[in-house]
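Both complexes below contain chain A, partnered by chain B and then by chain C.
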Partner chain A sequence: MIDSFAELAPAILVGLPILAAAFPLLLGRLWTRIGWWISLVTTLAMTGIAAVLAYSVHVNDAVHHHLGGFAPPIGIELVADALSVWFAFLIAATATVVLAYTYQGGPRGRAFSSVYLLLIGGLMGIALTGDLFNLFVFLEITGIAAYSLIAARQHRDAAYAALKYLIIGTVGATLYLIGVAYLFMATGSLNMVDVSASLAGGGSADIGVPLYDEMLVRAAFAFIFAGLATKVALFPVHSWQPDAYSEAPDAVTVILSALVSTVAAYALIRVTFTVFTPAFFEVTPAATTAIVTLGVVSALVGSILAVLQSRIKRMIAYSSVAQFGLVVAAIGVATGPIPAEFALAGAIIHLIGHAIMKGGIFAAAGAIAASTGARTVQEYAALARRRPGLAACVAVLGFALVGVPPSIGFIGKWYIALGAVESEMWLVAVVVFISTLLTLGYVARLLERMYFILPEDAPSAVVTDGGDGVSIGMLLVVVLAVALTVVLGFLGGPLFELVDPYIQEVLHG
Partner chain B sequence: MSESERVRQEYTQSPIILTTARILAPFVLTYGLFITFHGADSPGGGFQGGVIIATTVYLLAFTFGVEPTSTWVGHRSMAILAAGGVIIFTGIGFATMALGGNFLEYAEFVAILDLPENEVVKWGMEAVEIGGIAAIIAGVVMALVFLTAGGYGPERGEEP
Partner chain C sequence: MTDALFAIPPWVPVLVATALIMVLPRKLGYALGLLSLGWVVAYSLIVPAGQVEAVFLGFDTVPLQVDEFSRLLGVGFGVLGSAAVLYAYAVGARRRLGAFALGYVAATLAVCFSGDWLTLIFAYEAMALASTLLIWEFGGRAVRRGYRYALWHVIGGSLVLLAVMWHVAETGTLAFESTGLSSGMPLLLGVIGLGVNLGFVGLHTWLPDAYPAPHIAASVFLSVFTTKSAAYVLYRALPEADGAIIVAYMGGLMAVYGVVYALLQHDMRALLSYHIVAQVGYMTAGIGIGTSLALSGAMAHVFNNILYKALLFMAVGIIIYRTDTEDLYELGGLWRQMPITAGAFAIGALSIAAFPGFNGFVSKNMVMDAALYEGHELLWLLLLVGGLGTFLSFIKLGYYAFLHGPATTTVRDATPLQSIAMVSIAGLCVLLGLLPGLLLDLVPAAPADTSVYTVSNLVKGIGLAVAGVVGFFIVRPTLAGFGHIPDIDRLLHPGGFYLGKGLVYLVTGIFAIVDRFVAGVAAWSYRFGADPAGELTTLFERIPDDSWLASLSPAEHGDSTAHLRADIGRTMLILTALVTVVLLLVLF
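Right, the complex of A and B next:
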């Protein structure tokens, strides 16, 4: 019973939110609140389906759904394997939780609900597709939905941020598409598994010799990496991200920071390990060097820029540039000559952990802004007196981001550092350490403001906003993120076990 | 000056444009439908056809002004076209799953349609092309032009 349902689950997970997106537009005139309820029912159903699918894949085997009944490599397939189901579940669960934030915190309205569901559908598609071109389509759906969600704040800075994201994001998606076109020229296929087999000399192309040293294939990887790096927001193609995160409505920032770049990084892992495979990097060591270098630079520069910020949301946004730098550096380490299981596990766990921690911090920042109006580090002065609960949540999440155990942030960074040492890439290990110190730099600045500035020193402008706009839903999101961050911190071993099947498959065949 | 007078002044009706539009519009619309109704087993398709259908409305907007045309088409009908198209597309996809197949596996419709399989597949594809894609594209492209031409409205620069 569960098996036959799991066969259909990937298509339902992608199709359901897109179908549901049509209804708020049609029914919103009757009852303005209906969009929220439609979103809630849809995302709850998706969370349940994703959980069943994850269970089925964990117990049995990967699920392949051939769209239209056309078998790959000609047809498009959706694949739920040991990696994609966890991201599918993360997307569905996060989408459900963030709705609690938007119930009072907004944005509301039928257009918002429709676009929100489209965003979730697009993200789900990226997570589950097994086809390179299909991935591009879902990247675009996700991107377009994200641009309009940012513009939902209806402020001229938000419009500018959305336009900037649109231009840079479109260029990124186009670079990715050029890479896919090159791969198609080289192999004649778009199915990820088939392209991978064709690159190795078999597959539907069946050339007989590996294509790894072809200039076409190397260029394809370069374009795909550049495109996805733009979507992930690595330095120096990160410039859309701080504007987008800080100008979007608070609830939208939560979902953007938790899912959009995360899923792009997932796509990078998928393309790097499922399509190109470590064999490609053996022939092209320069690619490994490039990934590691860009990741390391991004981790350092992002942290330094974060320290320099005075506005909270910008600071956390730059911190994301740094954390994704670590993730990408770990991906690079895992492609190195010494297979580093821990590095890949670290990349995946840190991705999921980062989604939880950043979503939580942005939700807390939004709740603090709603209740006190504080949006800069300066205005956070003596927050611990005015809002002790929220201040404590920010403190816990901040420490988790630094990597203080027990927290999911510690586990991710630990595995990344372990992987770097294991494959003797000492530079990465050192950078993990330095970026941790820099993270401590900006988190400590925040903590000092919140806890060690006396109320009389606090700027009075902050206190004037007496209206308490914070809702139970907002607090629920923050508390849930804090709880998950800490609880998952004790589950480093089980988390590793969950992603281990995928790692074994791609690193050891 | 009343609103309608202002609109009339903005869009001076030119006999040249009016005549051209009057002659062209039926042909453009027919061409759009022609392309839309092909696609399953001949060159064409809902995407291209939908765009051409929407350009008929552009032509009217050029002739009679953006605002009157926008009012004439109506925001609601554009939303119904776009959202209805999405429902038809994904609805057909899920219907084939309900019949025991995969997403959009048209051949499953042989269970309820008294037709040979290749015909069923063709009509399933046509239904998605015409009812789904063409409607979505026509609705969205029309709405895009009216929104862009309508401008951003009054300055909404400050935080609400």
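Right, the complex of A and C next:
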């Protein structure tokens, strides 16, 4: 029973939110709150389906769904394997939880609900698709939904941020598309597995010799990598991201920071290991150099820029630039000459962990802003006295971000560092360490403000809204993130086991 | 079902009892502790040999390994632990003492049931921590001595940790190897680090310093776990079948050194503590010789020593409990008032002195025979002298406490519960002495034809006893004339103090220099942290205007967000540059 259901599940997961996106617009005229309820029902259903699918994949095997019954390489397939199901579940679960935040925290309205569902559908598509061109389509759906969600704040800065994101994001997606076109020229195929086989000399192209050396293939990698790096927001092409995160409505920032760049990084892992495979990097070591260099630079510069910020949301946004730098550096390490299972596991675990921690911090920042109006480091002075619970949550999540055990942040960084040492890329190991110190730099600034400034020393410029705008839903999101961050910190081994099948498959055939 | 039950390490229930004893009523808590240790005995006897493997932080570890060594130690520590818990309850120990003691027992069991170096070192350090707490629990004089104890064990534990890390770096595996720790520095550091726990001569001063200090029940626990588990770890650290004869001679030296100082003590528990040094000397000698007879003798001696050394501490503890006197020369004639305690003491003393028919006789002679077979006559002689000294000092202890003169005070004997604890252990000492086969079945690597009841050993045992009695009455007047004879701690403690003081001066001197620099940096960092952009502006203002850096300068002072944003156009330029660079890199 579960098997036949699992066969269909990928299509439902992608199709359901996109279909459901139509209903808030249609029915919203009748009852304004219906959009929220439709979103809730949809995301809850998706979470359940994703959980069943994840279980089925974990117990049995990867599920391949051929859309419309057309078999690849001609048709488009959706693939739920040991990697993609976890991201599918992360997307569905996060989408559900963030709804709790928006119930009172807003934004509300039927347009918001429709676009929100569209965003989730796009993200889900990126996670589950097994087709390179299809991936581009979902990148665009995700992008367009994200642009409009940012603009939902209806403020000129938000409009500018959305426009900036739109232009840069579209150019990034286009670069990716150019790369895909090159691959299509080289292999005549768009299906990921088939392209991968064709590059190795087999597949539907069946040329007989590996194509890794072809200029077309190398150029394809360069374009795809640059395109996805833009989507992930690595330094120096990150510039859309701090604006987008800090200008978007608070709830939107939570979902953006938790999922959008995360899924782009997932796409990078997918393309790097499933399509190009380590064999490509063996022939083209410069590609590894490019990935590691960009990751390392991003990790360092992102952290430094984060230290320099005084607005909370911008600071956390720059921190994302740094954390994604670490993830990408780990991806690069895993493509190196010495296969590093721990590095790839670290990249995946840190990606998921970062989604939880960052989502939690942004939710906490939103709740704090709603209750006290504080949005800058200055205004966080003596917050521990006014909002002890929220301040404690920020502290725990901050420490987790630094990598203090027991926390998911520690597990991710630990595996990345272990992988770097294992494959003798000492530079990356050193950068993990330095970036940890820099992270401590900006987290410590926050903690110092919150805990060690007496109320009388606090600047009186703190704006208070008067009323308390914090809802149970907001707190729920924060507390859930804190609990997950700490609990998962004890489960380093099991987490590794969950992604191990995928790692074995791509690193050791 | 049973497999799942067996996969739970035996120390887990003890840890649970540790937590529960703090919150439950005293009687119930101690009963649970007793129960958990009973389970340890049962577990050790019935569980089939095997391993449980786990990945911890990317290392392949074996948190649970059941083999003949863990079985033997599990039974020994479990039996004695149960008796000690009963004893602690019977002498009115508090719940907190029970909790620390059970935690200490759990850590020791984790050492014995661990299957790799990482788990072992974790448990080893936990053991040092728990035992320090157990000493501190008594408060008063125990605090200062506990501090010294902690210092010794931090140093020893760190050396072992360093040795293990070095070993893992060289071999790449955490597993126990039959070759022990890699030769060279890891082995040397490991043996010296373990030497602290074993009480190597020169590293032993914490034993007579700390063990007489705490509660009498704490002493019973302390006398058993730290030193005996270290003997087991020493076996893991040394290369098998090869041994290390220098370690064996250290054991011989410990045997002589320990009894000589024991003979000179007034404080009963200090006397017993010096005997720990001597007794662990026999174990060290056996492990150092390394033949199967020596090794099995050493492990059997570990087991026997667990029993009689704790028994002696219990008996002496009862004397202190009843008379409130620690000084031997202030006691006397107690056998009339305390016949049970006197009887228990007698059995313990005869066992430790290796009188035929008591368990010490079996294992001590196995080690001594092994020394003789291997041609280490000098070592044999050292151990023989140790044996004579043991007789002498226990005749002294027994004579002054129980026989000498009339009773100084009127006291009652042990309570029924206390008696049960002592009598059960005393019974085991006799049983294992008369039927050595019972124990030798449990002992790893015991040669099938082990027989210690030879004519020469019997003659030696009785001869030493006679020589001890005669010798004691010859040297007694001289002994009584000695005051306190300084041990090496007279040198070590001031040495450590002045070394520490010198280091403090050195460090504070350097620190003062560093401090000025760091304070400057910190002050700047603090200003920077509070207002990064403002500080940057100040910094940039020092840059000449025509420098390109000046163009990065934050626009307005005051709004403290650094205006380093790239607009859309500039981002496009950067993106193009990035694509170009990656293309160039990948294509050429």
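The criterion applied here is as follows: the second predicted complex is superposed on the first by the 507 of 509 C-alpha atoms of A that agree within 3 Å, B and C clash if a C-alpha of one lies under 4 Å from a C-alpha of the other, contacts with A are read in each partner's own complex, and residues count from 1 in each chain.
Keep in mind that, in the parts below, contacts are C-beta pairs under 8 Å (C-beta built on N, C-alpha and C of every residue); 3 or more make two chains touch, one makes a residue touch a chain.
The structure presented is a predicted model; accordingly, all values stated were derived computationally and were not measured.
Participant: Name the contact category of A:F496: first (chain B only), second (chain C only), both, or neither.
Facilitator: second
Participant: Residues of chain A touched by chain B versus by chain C: which partner has the larger set?
Facilitator: The partner making contact with more of chain A's residues is C.
Participant: Tell me the contact category for A:L67 with respect to chain B and chain C: first, second, both or neither.
Facilitator: It touches chain B, and chain C stays clear.
Participant: Which positions of chain A touch chain B when the two form their complex?
Facilitator: Those in contact with chain B are residues 8, 11-12, 15, 18-19, 21-23, 25-26, 29, 65-69, 114, 154-156, 159.
Participant: Hey, which residues of chain B end up touching chain A in the complex?
Facilitator: 76, 79-80, 82-84, 86-87, 90-91, 93-94, 97, 101-107, 152, 156-160
Participant: In the complex formed with chain C, which residues of chain A make contact?
Facilitator: 163-164, 167-168, 171-172, 175, 215, 218-219, 221-223, 225-226, 229-230, 236-237, 239-240, 242-243, 284, 286-287, 289-290, 294, 305, 307-311, 314, 342, 376, 378, 414-415, 418, 441, 444-445, 448, 492-493, 496
Participant: Spell out the residues on chain C that touch chain A in their complex, using ranges where they run on.
Facilitator: My answer: residues 54-58, 529-533, 536, 560-562, 564-568, 570-572, 574-575, 578-579, 582-583, 585-587.
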